[in-house]
Amino acid sequence: MNKKDVIICRCEDVTLEELHNLMKEGYTSFEEIKRILRVGMGSCQGNTCGQLIQRELANFTNTPINKVVTHKVRPLFAGVKLKSIVKALDDES
Amino acid sequence: MKKIDLVIIGGGPAGLSAAKMAAESGLSSLIIERNFKIGGQLVKQTHMFFGSEKQYAKTRGIDIAKILVNDVLKYSDMIEIMTGTTVVGLYKDKVVTLLKDEKYIKVKTKAIIIATGASEKVLAFEKNDLPGIYGAGAVQTLMNVHGVLPGHNVVMVGSGNIGLIVSYQLIQAGVNVLCVLEASSEIGGYKVHASKLKRLGVDIKTSHSIKKAIGKDYLERIIIGKLDDKWEFIEGSEEELIVDALCISVGLSPLSNLLSMIGTEMKYVSYLGGLVPLIDENYETSIENVFVAGDVCGVEEASSAIVEGYLTGLVVAKKLGYIHPNYDKLYLDFKAQLHNLRSGPFGEKLRRGLEEIMR
Amino acid sequence: MKANIVIVGAGISGVSIAYNLAKKGVKDIVVFDDNYLSGGATGRCGAGIRQQWGTKNNCILAKKSVEFFEIAQEELQYPRDIEFKQEGYLVIATTKEEDLQFVKNVKLQNSLGIPAVVLTPKEAAKIVPHLNLDIVTSATFCPTDGHLNPFTVTDAYYLAAKRLGVKFFYQEKVLNIIVKDNKIIKVITENYEVITNKVVNAAGGYSKEIGDMVGIDIPVYSENHEILVTEPIEKIQGPMVISFSLNIYCQQVPHGSFIMGRSDPNMPQGYNVDASWHFLDEMAKTAVNLLPPIGDLRVIRQWGGLYNLSPDRQPIISDVKELPGFYLACGFSGHGFMFAPMTGLLLSEIILGEKTTVDTTDLHIDRFKNSDFKDYEKSVV
Amino acid sequence: MLNTNGVPDKKQIFSRFPDKKYILKPKAITECYEEIPCNPCSTSCPFDAIYIGEDINTAPIVDFEKCTGCGICVYNCPGLAIFIVQELDNENARFKIPYELIPLPIKGETWSGVNRAGEVITKVLIEKVSLTEKQDKTALIQVLVPIEFINDFITIRSKL
């Protein structure tokens, strides 16, 4: 398989090859991989890549998938313009 | 900041039923729906549903949506509906932040029912980002909502009920479905759906999967292959197919991000499709007054989602002091319906999964 | 397991201390962290590197640290990019009082070799054109301040230390430190017991708890500070823009996103790192007021992290007279990331009994024994 | 094999056909081999001829004494898994099948007859096409099928 052509994270354009290389280096938790490859930090917040990476980690570390901890979900669920937040405040007062 | 006693996140079958039952009990609510129409996935389901009469069996999904929407509209004085609105933040002090168009809205509430449903799983294969590769849900939206064909020659990946049903709908739309690929050694969905496809000449290839997509700017061909019992491709089994669309339907996973965001206790349960919240017998999560209903706490059929919606709507209302005149009778009935829907062999994995998340 | 030294915490301070000790030839160094690589304050920080401080100690620590960051990529032989970009910090004054204070600060900074300058609002606008000049009274600018990627630089230190033989244990919480006859004898973690007589407390937000394990009361507390990040856009802002009076820092990182943070004066002390809607409100208001065009950017994520605050907002890098073998690297008050090279160097010197590169008297925990300590750092967001 | 390609085997098929004596009149054949939570066939039958009971996961059982072959269950089955069959004479069988594709056949046309594996096995004559509002978009097609295909014919495909 040409791992360069397998897209894992669309937001940050991360391929399976990059993921596997990092796992081979010893980074075998989602949070570590996220910090280096930026997976899960894009605008979809790991919605798509999350489960793919979870599966790859389970295979690589030989761990049942339910034991592979996935990424932390943080607000916001969709991008909000800073000025929209300000506008809402202005409307309140 | 806007104040309302109950916020229901998701205007699909679970959310709508919850709102209706809460309203019947006397509790007002606000439904937040990301799409521009309420009804959830039902609005693109042109097939008849299974189940029993109480869950509108034999009615087409699109018509079940109409029934549920009408039920809610009858309570327009008690149920506020915000469509085209995304929940962007969910905070522990029960403030829900919303985005509608570019407008940011903060809502303070006492109780939340999260009925966000599920999202489609994706597959990692070569060139999986080529235009022409769709999720089954997107194909349904294109075809059944917008009347647009995804392609002329399509291969479906996945033989669960959705894969089988969408393949049938593709044929109904005049699309040539070359085959359905199933990685496992057996068909995943109901066999009645499989038989329906097979008699229309569609091959269902078990122990097969997509190996690679080929195309310059868009999908032109695919390579499929046979899998061994470890789900590895068997060398030499490759086959090239000329397609202009590939439809991926390899399962759903609960859309539980908002629950993670607010910090409810969660567990990964494969039988339920992924990460789900721990719940009690009334679908209340580890955070008081945060409830779940529908696929978000385990992927099932719309029929169960509807009943779970009714149940949570009933229970939330009671917790906030609005007791339905028929509370006891309804409560038992909803419980019995859920039991009935899940008691067969197809419900076995689900039953085991649900046991795992009971707190 | 036996260890010469156990380091509690593998954030930027812990990995730097480990690296510096190992480089000096210390064997059997073990580092425990109850999280994953940069899972604590380091990975949650604002990623800025600043030398424009109001106290001498902070200025020196920052300047010497920058000197290291300039060569860190090669020194640590790191294959990925640590993204050290020196595009400056523009410190905004908005009051007469700040104008005066900043002139003093720059004088101090210059005297220590930090190339900061005082600017008029117009001059500041040449550096960051989208500033709202209506609220700027003056500014200072240091071109050698900048940005550094917290994840990769921590990773770089970690890999370099590992190559030198340091053993790291992640997801391994230190449960207790056993002291006998005023001597450390053992560190107990979830899965290990380590015989050692030296422990470094680099536990960031949790350093007070580590101190409590050995009966040393460290006068620090933790507090949640929140941050947000926007979608990436084309580059429009080089330097970090920071204002103490407005309570904001805001930088466009090389990836294109804007990272910005502020503190909440009403935040209770504790270990909560939740994100709040309230922060979003205040942050948006402050940022759009100071840098109006960024109002069009979309916030995509927000999070919190712990500041470990010391009484004078300067770090504690020292031994502990009451308990030989116990060393502190804590109380960084939100700036442990940018001081890390010096934290590692100085503490390694202290542990090995070497003459320290700079005078560390004022970094010693004992400075808090007098209620009126010398300096208080006001340049903190 | 039903589980691997969606085609029931002969044994399964025969298990749903009644005694020959019943088939001289139109009877419903329920090709629903799994226990799935579903019961519209039973609840829609005006003659109480299809039994499922309290547990909706039970596979339907047709009481061929009561079944009149009216065809209501055919378009009420969400799985399109029911058809009506009648042994008309020595030459022909008459089927009523559900059909949801367009174009619909027209009375008098000859179409290909297809078996459960999707293979064309014969020609069939379209006798009647009904699509009332009650049928909710599932048409009922009455076709004449050569008697030798009584256990093989399942649907129609393309006009000849």
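We just call them A, B, C and D in the order they show up, numbering each chain from 1.
The definition used in the following text is that a residue touches a chain if its C-beta (ideal position, glycine included) is under 8 Å from a C-beta of that chain, and two chains touch if they have at least 3 such contacts.
Everything numeric here is computed off the predicted structure, so don't read it as measured data.
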Chain nearest the overall Cα centroid: A
Separation of mean Cα positions, chain D and chain B [Å, integer]: 31
Between chain C and chain B, distance of the C-alpha-averaged centres to the nearest whole Å: 45
Intercentroid distance (Cα basis), chain D paired with chain C, Å: 75
Rounded Å distance between chain A and chain B, as computed from the means of their C-alpha atoms: 22
Junction residues of chain A - those touching two or more other chains: 45, 74-76, 80-81, 85, 88
Interface hub residues of chain D, defined as touching at least two other chains: none
Residue numbers of chain B (touch at least two other chains): 89, 91, 97, 106
Pairs of chains found to touch, sorted by chain label: A-B, A-C, B-C, B-D
Interface residues, chain A side, partner chain B - complex: 1-2, 5-8, 10, 16, 45, 47-48, 51-52, 55-56, 65-68, 70, 72-78, 80-81, 84-85, 87-88, 92
Parts of chain D lying in touch with chain B, wherever the complex brings them together: 2-8, 31-40, 43-44, 54-57, 76-81, 100-102, 114-118, 136-138, 154-155, 157
Footprint of chain A on chain B - complex, ascending: 1, 86-91, 97, 99, 102-106, 119, 121-122, 124-129, 211-212, 253, 257-258, 260-261, 267-270, 274-275
Complex contact set, residues of chain A against chain C: 27, 29, 31-32, 35-36, 38, 41-43, 45, 74-76, 79-83, 85-86, 88-89
Interfacial residue positions of chain B with respect to chain C in the complex: 89, 91-92, 95, 97, 106, 263
